[in-house]
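Single-structure report; data block below.
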Amino acid sequence: MSDIETVLGETIRASFANQGAMTLIKATVPIVEAGRAEIHLDHWAGIEQQHGFIHGGVVGMIADSAAGYAAMTVVPSGASVLTVEYKMNFVAPANGEKLLARGRVVRPGRTLIVTQAEVFALRDGKEILCALMQQTIMVMHGKPEK
Amino acid sequence: MSDIETVLGETIRASFANQGAMTLIKATVPIVEAGRAEIHLDHWAGIEQQHGFIHGGVVGMIADSAAGYAAMTVVPSGASVLTVEYKMNFVAPANGEKLLARGRVVRPGRTLIVTQAEVFALRDGKEILCALMQQTIMVMHGKPEK
Amino acid sequence: MSDIETVLGETIRASFANQGAMTLIKATVPIVEAGRAEIHLDHWAGIEQQHGFIHGGVVGMIADSAAGYAAMTVVPSGASVLTVEYKMNFVAPANGEKLLARGRVVRPGRTLIVTQAEVFALRDGKEILCALMQQTIMVMHGKPEK
Amino acid sequence: MSDIETVLGETIRASFANQGAMTLIKATVPIVEAGRAEIHLDHWAGIEQQHGFIHGGVVGMIADSAAGYAAMTVVPSGASVLTVEYKMNFVAPANGEKLLARGRVVRPGRTLIVTQAEVFALRDGKEILCALMQQTIMVMHGKPEK
């Protein structure tokens, strides 16, 4: 990991730690690189839906966040990011010991950034695609992340 | 509320009670009618993002669920519903004492149901539109809700 | 129709006339009001898909345009609009003598405008919902419509 | 190209030829493989918007079609496909001599298929990403393509 990526990682982990909702579901953000971020989430009872899989809303939360953090890595210092909109497709139940949400910047722009994310369930050592997302992020210049 | 709506409400509240994730964020489903459902969520620290508003991912969770429950009201008994996909636009920060997510069926079909949801923040007695969603639900015939 | 709406209508019809693609499919924009616009399209062989209905891509074109023109009615003079993204659900085949695409502004903003559109097929005097759309528009300040 | 791909290509080109709308805009479908299809479109005046770029609605048409044809390559004979919904992001003006819409199946299912498409403008020998799409396709078993 380069120095820049270390700084990115620190800024993003500090932002993450300030998000009550990410703490509530027990998500972590172990991977942050230029244009990419990854959120991990262990499976526990508190985030399940009625069939014992991880709730689709929680899958959406970590996909949205992973792609938003990916966007945060490409904006200038002094700017922050805001989700304008996203679209999620669910392709398999979130059935595994752990979820991995991988966000990446597809096209950075001065005002808008387009990203994609994929969410995988880790089950018996295999990664199974559960959801994919396409998202628009707005850059808030002159409004740094708190 | 008619008898049918009472039964619908009971089925849906039973499903809701089985969802760890809805309990975790402290959401309730006070309103269920034919083709409509409403989820309410008080603002508390555990569901915030870094600026003290309710986390966008949580807004997405309750929009998705409100519309999914609206769909559940129009499927035959013995069938359950599954979110295929949804698209959310965020139009204002979720800044209020409480969120109201209102889902409704736009077009019921045998296999697919199209729904919409709006999420409002209740602030000083006024409802402020925070997010809107368009969603596709799949009907699982012969697979009743547990 | 008020004076303002007459001016809006003229600007938008001039823009429309400059769009080769709208002429190609033979669309018209008979209704323009503050926050709303409507595109009409007669059914003819050139815009069909393989089953003799109007092509879904053409349905998308008029939905996108109707909502974009609705957005154009709420931006200041000297500004133009650009489609950032949209999401379409198709709920019935575009089977009728004519299509009506109705766009409306849901939330105007300085930089971004959120809109919705519905497309109806006119068949034997009845309007049948064929498609619905949710869209994000960007306002280009200081870049007037040509 | 394998024998199977030759058959796929013939079926899809026959379907394509029956679509008045694809003929109207002068699109072609030169590439069809298992899980992938590509639509090409030369730039001509009839498909422009008011700034002389190719109309966003036309970009949407070819993205939708390319991904739909990609889906068609993975369904059993005797089945056809229908677009349930799609979401497009426009990331650059469709400014080039030619557009290339590349659709691919992300996840095939018995009832629903999830696809993605990218649209590139070919300009001075370079491919520039203009749009990206995420789409849901429904498989119509026992209803072959006409």
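Going in written order, the chains are labelled A, B, C and D, and every chain counts its residues from 1.
As a working rule, contacts are C-beta pairs under 8 Å (C-beta built on N, C-alpha and C of every residue); 3 or more make two chains touch, one makes a residue touch a chain.
What you see is a predicted model; the values in this text were computed from it and never measured.
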If you tally contacting C-beta pairs, which comes out ahead, C-D or A-C? Let me know.
C-D
Averaging only over C-alpha atoms, locate the centres of chain C and chain D and give their separation in whole Å.
22
Find the geometric centre of each of chain A and chain C from their Cα atoms only, then give the gap between the two centres in Å, rounded to an integer.
34
Residue numbers of chain D (touch at least two other chains):
84-85, 87, 89, 136
Could you tell me which shape the graph of touching chains takes: line, ring, star, complete or other?
complete
For a test of understanding, state which residues of chain C touch chain D in their complex under the given definition.
15, 18-25, 45-51, 54-58, 60-62, 64-65, 82-90, 145-146
Per the contact definition, I'd like the list of chain D residues that touch chain A in the complex.
87, 89, 91-92, 106-107, 109, 114, 116, 129, 132-134, 136
Would you tell me which residues of chain D are touching chain B in their complex?
84-85, 87, 111-112, 136, 138
